[in-house]
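Shared chain: chain A. Partners: chain B in the first complex, chain C in the second.
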Partner chain A sequence: MAPVATAIEEQRKTDETALITGSEAIAVACKLADVDVITAYPIRPYDTVMQYVAKLVANGEMDCEYIVAEGEHSQFEIVKHASACGARVFCGSSGVGWMYAMEALTVTPALRIPMVVMVGNRALDDPGAFGVEHNDALAVRDLGWQLVWVDNAQEALDTALIAYRVAEDRRIFLPCAISCDGAFLTHSQALVKIPSQEKVNEFLPRYNRADLLLHPDNPITVAPQANEDWVMEIRRQNYAAMERTFGVIKEAYADFERILGRSYGNPFFEEYQTDDADVVLMGMGTLSTPVKVAIRQMRKQGKKVGFVRMRWFRPFAAEDLAKSLGRFSAVGVIDRDYSFGSPYLGGVLAGEVRHALYPSPGKRPPVLGFICGLGGREVTVPDVERMTDSVYKAAEGKVQPLTQWIGLRE
Partner chain B sequence: MATYVQIDPTQKLDPFKAVKKIPLEEFFTSGHRTCQGCESSLVMKTMAKAAGPRTIILGSTGCMYVANTTYYSTSWVIPWMHTQLGSSGSAALGTAAALKALMRKGKIKNEPINVIAFCGDGGGADMGVGAISATLTHPDYNLLILMYDNESYANTDIQLSGSTPWGAHTTFSPPGKVKRIMHHRWKKNMAGMMAVGHPTCRYVATMCMSYALAGMNAIRKALSIGGPTFIHSLDPCPKGWDYDPYLSHEMGELAVNTGVWPLYEVEDGVLRLTGRTQQLAAGKIKRQPVRNYLLKQGRFAHFTNDDIDYFQSKVDEMWNKWLVPGVIPFRKEVEADNPPA
Partner chain C sequence: MGRLFAIEIIYRGIFQKTLGKHISRSIVLAAHKEDKLGISFGRYGDSPERNGIPAKNFAIVATDEQTLEEGMAKYEPKEVDITIAVDDTLCKGVESWAWYGLQPVNRLLKPGGTLIVTSREQPEALIEMAHRKEYPYKLAIVKGTPSFSGLWVYKDDHTDVRILGAIARILPELFSLESVQKAIMDEWHDELKATSAGKSYERTTSLTVQPNQGNPEEPYRFDFPKWHEMGEGIAIPSIPAGHSFEDPTTHAVGGFRPDRNPTFKKFSTRTMRPVVNFDTCIKCTLCWLQCPDSCFDVTPDGLYDANMQACCGCGVCEAVCPVKDCVTMVNETEFRDNASQWEMWKKDKEGYKTWLEEKIKSHPERSHGFRYRGQYEEQVPEMLEIAREG
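Here is the complex of A and B:
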């Protein structure tokens, strides 16, 4: 095993650097992962990934069956069946396109299909909006999908490779959706280090469907009618697989660092300037950019604010998170989503954070929820400062609404 | 010129010359719990036999899923996987695409493997028609979509589908005190639609397992010819059609001999009427009146003589007025439509 420092040094020498978007980074990951079957259907903003894939196929840089489907339901069903036959697959969608595929999305984890997909997060209709909201990907949060949010193109590429490694692990066999904020990530270019094929091959073993392979040499019957006799035991197997993802994800990140030379620290959530923080903000995806800028500015004014960015929403590292949040005097959760009628009328992430904190044996700071940046509305530095002020008030014990809409027209 | 369509070889499945030449080995066996007289389960059995052991079957939701694959007692000897109600087209496409990619890349042994997706009339003619249509436009994949048509959602309590005949009594179209005819839509012309709408699809056929040898040979041809293919099978259903199960075979014969169910195949764009239908069209045998067919089924028990005459007139129109009789309902001129009061 090469020491990490050496691997990093090596990576600097061998990795190619390219100026590409988040979507293109994921297309490059598909090429490096030697994906066998890919299905496309147009909807903005995710469709950019398929435009890049189509070019790779047309230029002979990628060898896969590339199928343009007639709708998202078919798009996801096609790759589901391809994966059951042992093919590594990729798919994706956005907004209502993702919802159109919902039946297929429901059966995919139930069938233990390790599909990797990209969700280009987009507001659901109606009214029409191309911009980002997280409600699309979050709609499958209870069904056995692994859900991860990334905030830059490098992380998108790396996470796609890690996602294949975790999803296709025989201990897991669950699908994984990589969420990329529409426009802010799918369409924004950044410098990305592209790992060598040799290193990817070392990190990512071939997909082996093993005893579950659908093939005449292994004539099994997949997904018969089980009814009340067996459904509960089968659900419990999915529960156990999801429980195992914590360990397998940690293993994958450790191997990624060892072989590819890039480290992400705690895989499940990123902490930014939290060591000495009084209060923290939380969120997912690209809102990290304005939040981090605002934090640097506020720190110049003496406010000790930190930021916790959730990467993995499923599995949700509740114990680790609760332990970490216990260090702060208040937490403000920024949701780029909504959950109408939910407890305290808050967003989805705020509810999950409160849920994670409740059984915690440690300190339980007050949690404020903010709904912000819906429909792709920019989350601005003044927005972040306003939210931080409210979190400080919560830390002082001042009573205020538990859910606040920020950046809303008066 | 570059070859845009890259298609792998298929298994060469020659037609069975006679019933006694059909192998005894079964690939759909015991363990199922279909009804007495179920013709669709006969289609499953003969379909598996016609295809042989190097086959993957995808089954969309319906009777032939629910009744055939109870956990721990599957009736399938060959690999079988469930697919969603409207997904027969996508299931076949995804399976064929995976085999093709994995064989090309040397990840699995390169050999021809049959891919068959079946669906009922609800899964095929209603919910799945879009996916089937899309799949039939993909010339690169070897697969067969077989629609077993028992003319209702027979698994969920006999509700009408887009393939239920005019006037039939189903649980969603019960004859009542004010409305005798609740279902006044005509059966979709699925095979004709698939053949006409997908000119690169090399093989579309209709069949009825009352003529089992012809049906099995249609399946073998569909699997051998290459590319995506479609077969529409009419399957009498004692529960849904309401007749004594011992009459199933006869009911299929009546559907053909009354001209209600035309048997044909469209191979590389060439239409050929087959079996009894060919003889009917050539005038070698006489079409029986539809009355003989309708009155044997409880689902038409509420029909008046006017209803029967109307039904007969529509079947006559299919044979006498359609530009391609029994297959394509284009006419030279507008025909009056006079349904009974």
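Here is the complex of A and C:
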């Protein structure tokens, strides 16, 4: 091999650094994963990923079918079919665009399509605000979608690679949506390490649709109409696949660490300063930043506060989480979402956390719910301090409202 | 616990959907005239919006609320007092959209229960069509051409009330003729319908069918796979392409027989079947091309033989065949098996010719209601005759 070529080869093996947004990081992951078919339809903030993919394709850096559909429903239908034919696919949307695709989103897990998508989290209409709320992605939480939240651009890139690896595992074949908070992640650039193609190739095998491949050489009928005598068995199969995701996700993170050299610890949730914590806050996505800053300040005042950031919402690592939360005397869950009329009128995550704790054989700390940062409103350090105060009171046995709105003009 | 009555109405999708509903509804309303309680419902999974597919309605009646609840707790009753088949060709069996396999028409009948059939056939013919049952049951015929309508139109030929009159006769504990007539007046405000019910009541007789009478065949059935035995992703293997086959007389191998769905056969959807004159067939391929269910086998000698397990009796082949009387749709009551016509013809051409002519000649007009304009009107005088004479 010529020396120049060797030098290039060497360079290709080492990571590069780029200043990119979370959306762009996911676009780069698509390039590294050599995605075959991508569909797009513009909606803010998801459009940031389609714009970057378009640029990569136009620059000749990426080779894929790039289809701009006439709406989100078609956008998701096209990749669904492409995936059934053996193509690695990428798609995504935001807010009501995601909701417009809902019918396609419901059939995707049932057909065991390992679609990987990005949801640029956005408040649902009305009032047509662009800012982040998590209700869009959460709308599919019961349907067999894997849902993961990330809080920085590096994690966005890495998680996208992991998502392909898990979703396309023959034991799973379930779609995966990576949630990126609108604005905070989709529109702000950070330094991201781009792994080398060799490492990615080693980590991520080609998508093999195997026995479910829609191809003339493998004559099968996909999605025939079936009546009531088949439905429970079909649902039970999806239940089993989702049950297997726990193990497959762990395997993927372990291999990711081994091959790409970055460790995420517990894949399902991140713990911050919990070792000696009295109480913890919980949340998903980029609100981790103000929470961590506030925790460092409060610790200076002697308050031992920790933070648990849920990454994987589906599957939900209930047992692990309950075990971990049993160490603290109270928990405050910050929801950037709402579930009107739900138990204790709380947010979605708060409800899930209480649910996870109820059968726990260990200690069950009181759980307070906070609705905060809706529509992209800033979650401020004083907000976090207020929440923490209430959590401490709950820890001391003082009655606190189970759901509180924080950062509201009142 | 009080007394529970269960009645099923087996009807053909679309053509008899309204009829089925009228009957089950009126049963409950008539019983309610005697302070009984009841519900009327269709088997939801039957998909009765499909042409001719056998489907079921049920009327569950009880003497008190708790007993009714016992009856309602089941999706489909395990046994019924009366089975009503509003088309006599249903006697060959019921393969619903909702399940796989063939149910004998009399499957749910209690010992001593009654099968009521609307038919112009003699009892012997109906007994032969129905599968054998391990215990005796009764058969009653409400004489008449089976009533076929459309999804949006209802042919009010009084089949509904005549059935009600027959039930009052067969199961007086359920309701009296008087209650039936009261319910008819409430529902339809029609004296003539009440009179029809009365006439039917007077004429209804039944005879006992013994366990050694009827079709001895084992109806085909199907075992459902367990959840972990099924393919994932709602993907099912396609039916294989098919193969050539042997001529039973010349032993020549050739032609093409498509493989067919082994678990869903469709023939119980049929009320008439094509009879093919192989002597006049010009091998134009049109029937083979146009059959919506790929029913035709291409024989080694280049003819087209409609497979009677698969044929749903739509009549398209008759409509497209360019040769006069080469394909003729014949009432399904004329046949007792699903054997290959082509094989019969190959073995005995003269015998087949006689058979064919006899079938075509005697084929009482059958229809899905759409074969030609004005067909119902043509049937009216005959129906009136039956109504008058019984």
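Keep this in mind: the second predicted complex is superposed on the first by the 397 of 410 C-alpha atoms of A that agree within 3 Å, B and C clash if a C-alpha of one lies under 4 Å from a C-alpha of the other, contacts with A are read in each partner's own complex, and residues count from 1 in each chain.
Just so it is clear, a residue touches a chain if its C-beta (ideal position, glycine included) is under 8 Å from a C-beta of that chain, and two chains touch if they have at least 3 such contacts.
If you're wondering where the values come from, they're calculated on a predicted model, not measured in any experiment.
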item	value
Which of chain B and chain C A:232 touches, first, second, both or neither	second
Touched partner set for A:179, first chain B, second chain C, both or neither	neither
First (chain B), second (chain C), both or neither touched by A:48	neither
Contacts of A:70 with chain B and chain C, given as first, second, both or neither	first
Contacts of A:85 with chain B and chain C, given as first, second, both or neither	first
Contacts of A:108 with chain B and chain C, given as first, second, both or neither	neither
Touching partner for A:219 - first (chain B), second (chain C), both, neither	both
First, second, both or neither for A:36, with chain B first and chain C second	first
Dominant contact partner of chain A by residue count, chain C or chain B	B
Which of chain B and chain C A:21 touches, first, second, both or neither	neither
Residues on chain A lying within both footprints (that of chain B and that of chain C)	219-224, 226-227, 229-230
Chain A - residues contacting chain C, complex	110-113, 173, 211-212, 219-224, 226-230, 232-234, 236-237, 240-241
Of chain C, residues touching chain A in the complex	44-45, 47, 97-100, 224-228, 230-238, 240
Touching residues on chain B, where the partner in the complex is chain A	53-56, 58, 65-66, 69-71, 74, 76-84, 86-87, 89-91, 93-95, 97-102, 104-105, 107-108, 113, 130-131, 133-134, 138
Residues of chain A touching chain B in the complex	34, 36-37, 39, 63-65, 67, 69-71, 73-74, 77-87, 103-104, 107, 206, 214-216, 218-227, 229-230
